[in-house]
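In the two complexes below, subunit A is the common chain; its partner is subunit B in one and subunit C in the other.
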Partner chain A sequence: MNELFGSSRAARRITSTLAWLCYLFLLVPSLIVIPISFGNPGQIEFPPRQLTLDLYRQFFTDPAWWGSMVQSLLVAVATTLLTLLLAVPAAYALARSRLPGRRGLQGLFMMPMLVPVIVLGLGLYLQFSSWGLLDTTAGIILAHIMLTTPYIMVSVLSGLKHSDIALETVAAIMGASRVTIFFRVVLPQLKAAIAVGALFAFLMSLDEVVVAYFLTGTQTMTLPVKMFSSIRWELTPVLAAVSTLLTVLSLLIALGIIALQRKTEASS
Partner chain B sequence: MTVTTAPAMVELQGVSKRYADVDALHPVDLTIAKGEFVTLLGPSGSGKSTLLNLIAGMVAPSSGRIVIDGRDATTLPTNQRGLGMVFQNYALMPHMTVFENIAFPLQVRKVPKAEIRRRVGAVLDLIQLGHVANRRPRELSGGQQQRISLARCIVYNPALILMDEPLGALDKKLREQMQLEIKRLHAELGITMLYVTHDQDEALTMSDRIVLMNGGRIEQQGTPDTLYFRPETVFSAEFIGSSNLLAGTLEAGPDGAPVLRTALGTFPVPAPDRPIERGAKAMLLVRPENMTLQRGGDTVHVTGRIEDSILLGGVVRHFVRCADGSTIIVQELNQPGRVDAERGHEVAAGWLPQHGRLLPAPPAG
Partner chain C sequence: MASSTSASDLGPGTALLLLAPLTVLMAAILLYPLGVTVWTSVNNGGFTLSAYADLAQSTLFLKVLRNTFEIAIGGTLMSLVIGYPVAMHLAAQPPTRRTAYLIMVMLPFWTSILVKSFALVAVFGNQGLVNQLLGFLSGGAIKLPMMFNRVGVILGMLNFLLPFMILSILGSLLSLDRRLILAAETMGAGPLRIFWRITLPLSMPGMIAGILINVTLSIGMYITPALLGGRQDMMVANLVDFYTRQTLDWTAASATAVVLLVLSGLLVALLGRVRGAAGLSEAGA
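After this line comes the complex of A and B, so read on.
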């Protein structure tokens, strides 16, 4: 690249400065809450004048905050597990069978990615209200399964593309049934792809706010919804602590995804 | 044609495969006897892989019947045909150890654990790879991986082992070792094998019988000797071994015996296996090792100028350019103190008339 576009030092310096500016632009809003979260519990201030853990103490002792965190984790875990049960076999069937209308089905699975989330939220709200699923944990989990399915599908489908189909053929010749082949030959090869998809789904469900805002009520409020309403009604600095916790969690999961992807690239 | 007395392990009756409007395989009849080592030989696109996939059940035939071990298997799913297969890229499970890979087909068959351990141990000893049982396939060399993949077939004693260019990814020396190893296992265990290759040397080395495929049809089948010395078509002659072919018209000689009139002269020819009409176009095949360079003799010969002589180790190949522009190859044994004719020197390449073989001219186009 440098050879093609001239390798003068100045040009290189300008590009790297630009890149860093972009990173900062993207990162600063997330990072700025971290120092604030260790500040004075009385008010939001940057930079904080004293360092305390009071905001974290508040978060973990207030059942309204702590409860919504537990609710969010519960929803995210359930969503991830149920989506895996649905999407992994579906992706395998789509990739390996000669099902008529396969392309159409695949498009259908991807739809939730294309429809604006707000439209989805409204539609689910109207549908769920007639089914009595509003303000239920099952309702929000169902909605999140819909949102996360395409991501796990994409991840597993690309994993299947990299897996060697000859292994499935040879297993069939050795007498293995389709079910045996799926569990003993296909799944072990998809481990990393499934893990990446699962982490994505977990993260999406954990900080999804639009659909959750439509569907949850006081009984089932998830953490992002609680944060959103708290911004509107009280604007407490506890928000900074919550944001920091979420940022750290997201960062860990993102690092996990990167590590897994490295591992799969190295092995293939 | 070999007459097989052993019971048939595989029988194809009029089996064909048509994709859209391409005939991948024209109706084929083929019988493989129990314990036989049969090679499907042919260029790519000749239908040999299609034939293999039909037997394995990976594609369904457009017509015909497939019988495996006395059972009609035409519509039987792959996993119920009781076959084994060795692939060019080994197809070992990367997430299993060598032991687990070989144990897999036994586990599928619900063999008790203790017996699995015993049988896997036994085949690992047979291929002399007991020391790598706990390694992953990735940590092994190509040759070792292919031996493991062979062991994985042997361990459950399938009716037939299919091998799809199994040595194609190995270097020449290893390939020759593996050829002998596969032959040894075949002889010791009496397994029926169907081997697919495009490598004629491999086919000649290993097979009890070679089935030569061309354009979705069986061109000729027989023992390696038959295919080498008694090819029935120009395609067979050219695909197996190297060959000198002289094109001409078949005529009756002065004594009534057949002669071939060619651009390089008229030569006596042996009678063909299948009668060829007098006056028809035909070709005379003489293998290079059946020709000798001589400086004028009374046997049958063509004359030309030495173009090149190359040393192949045990043998020397002389390329003789004839008057009509064609090149005749003469192969002689190498000897200490050999003196080659100089380049451009006029020589005669001669052969014994009974070493020639008359073939019908290939169809035009």
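After this line comes the complex of A and C, so read on.
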């Protein structure tokens, strides 16, 4: 029974019509790129009149597109690994110490989530232009580490909250060293939380456009920046192929995260 | 929490060692550039607030500020009006079906904003799906310009904002005690009255959180107005970019960015208070 509406049929019907219109509005734009991507390479066409793989061929043979994809993947992988390396130990220290000022530090690590990206983009642009880091891969990776830190932080901190602290105490009492405890007791319990955070960070970096638009140039252009200028200036149908590839990738990552979260919920 | 299990606590030395690298990085790549921005905005051969005074008199800045508020508030209100019935629909579903519908709501959340922008142009643009259909139905008489203008920005904004609004309201609706509704119904209240007197007031915390999240997110929007709006729809973030790249006026760009930073800081603080008060910790998750 549907208590929320009382027993009014009319109310229920109106709400469900409105809801379905909204589902369509949210769903269609994400999915419509798929059929377009198999269509006419000359213009954006829906429904496509012929089915071809021409747009994918164009994407994979044009170094401007393909190269920016490789650059994006490289930046996203490097960002994810380096953020993990920095953020997991930091999260552990925040959760398992009584250092004064750790709340303030936690606030600092969460801050990139709260500051408008355009402000960060401008600040980094001003800073990197005097540090000589503009249009370098190192520069964009540094910026992305900063941007993805809060997401890994949130995930790992919640993993630490749910992990069994008694195991660590027992290991300590039995004489295990700090390092042994971290690698043998803490990390194994955090596997899922770390994986969720890593997938999030990877996707964030892969899709990030505003900061990358300020910091990259012709040498280091990432895929989102290339897409941004393409949508702005030429609106080529190749965009449909790129969009389809990205959507499939996002979906796989989303499914991975959901599956991992289910698993941790089931085991805790 | 861990007050009794001191054996698993890290000493201050170890903790510092583990925290130091990330702290240094955040100081260098987050705090420092923010500092540089603030400094650039007030430094013109010495401390001066002239950049802010100039902004306050610039017709461009004032128009952009008005655009930003109009679009952010208009988009948020529309997202509330559209999102509310969707949240009610979701709340009324049995759990398994709700999960299936939620995936549809979450899909845009997972999709790259560039993919969505491109797709919206393909659907609502002049040669897009909707206009093709309208042209076909009307024999070419009707063509609605829905992209590269205010309508385009609002459509893009809604596609981005709705999931956050829906999830916030859904959180409140799911925690609502449904026996209240049954009781009201037993005593003869009609559906409208139940909605106004019970459902709506009790979902207020979720609505307020959703509104604040939406305004905060939309006030700093850059991509959507740049790709789906026209020249007339520039928002504050686009103005920062305009000053940086077009006029190369870094002082004005920084001052504009600081204004945006303060505005969104106020909204985030407000959101923190509301969430704290309502005990909502993960409305956006």
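One rule holds in what follows: the second predicted complex is superposed on the first by the 247 of 268 C-alpha atoms of A that agree within 3 Å, B and C clash if a C-alpha of one lies under 4 Å from a C-alpha of the other, contacts with A are read in each partner's own complex, and residues count from 1 in each chain.
Criterion: a contact is a pair of C-beta atoms (placed from the backbone, for glycine too) under 8 Å apart; a residue touches a chain by one contact, two chains touch by 3 or more.
Keep in mind it's a predicted model, so treat the numbers as computed, not measured.
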item: Contacts of A:A176 with subunit B and subunit C, given as first, second, both or neither; value: first
item: First, second, both or neither for A:I141, with subunit B first and subunit C second; value: neither
item: Winner by number of subunit A residues touched, once subunit B and subunit C are compared; value: C
item: Touching partner for A:L190 - first (subunit B), second (subunit C), both, neither; value: neither
item: Partner chain in contact with A:L160 - subunit B first, subunit C second, else both or neither; value: neither
item: Contacts of A:A76 with subunit B and subunit C, given as first, second, both or neither; value: neither
item: Partner chain(s) touched by A:L215 [first = subunit B, second = subunit C, both, neither]; value: neither
item: Footprint overlap on subunit A, comparing subunit B with subunit C; value: 166, 169, 172-173
item: Contact set on subunit A toward subunit B in their complex; value: 164, 166-167, 169-177, 180, 184-185, 188-189, 267
item: Partner subunit A, residues of subunit B touching it in the complex; value: 56, 58, 77-85, 87, 89, 91, 93-95, 104-105, 108-109, 152, 156, 162
item: Residues of subunit A touching subunit C in the complex; value: 2-8, 10-12, 14-16, 18-19, 22-23, 25-30, 32-33, 36, 44, 46, 86-87, 89-90, 92-94, 96-99, 102, 105, 108-109, 111-112, 114-120, 122-127, 142-143, 145-146, 149, 165-166, 168-169, 172-173, 178, 181, 203, 206-207, 209-210, 214, 224, 227-228, 231-232, 235, 239-240, 243, 246-247, 250-251, 253-254
item: Residue ranges of subunit C in contact with subunit A within the complex; value: 2, 5, 7-12, 14-16, 18-19, 21-23, 25-26, 29-34, 36-37, 40, 82-83, 85-86, 88-92, 101, 104-108, 110-123, 127, 129, 132, 158-159, 162-163, 173, 176, 178, 181-182, 184-185, 189-192, 194-195, 199, 219-220, 222-223, 226-227, 236-237, 240-241, 244, 250, 253-254, 257-258, 260-261, 264-265, 268
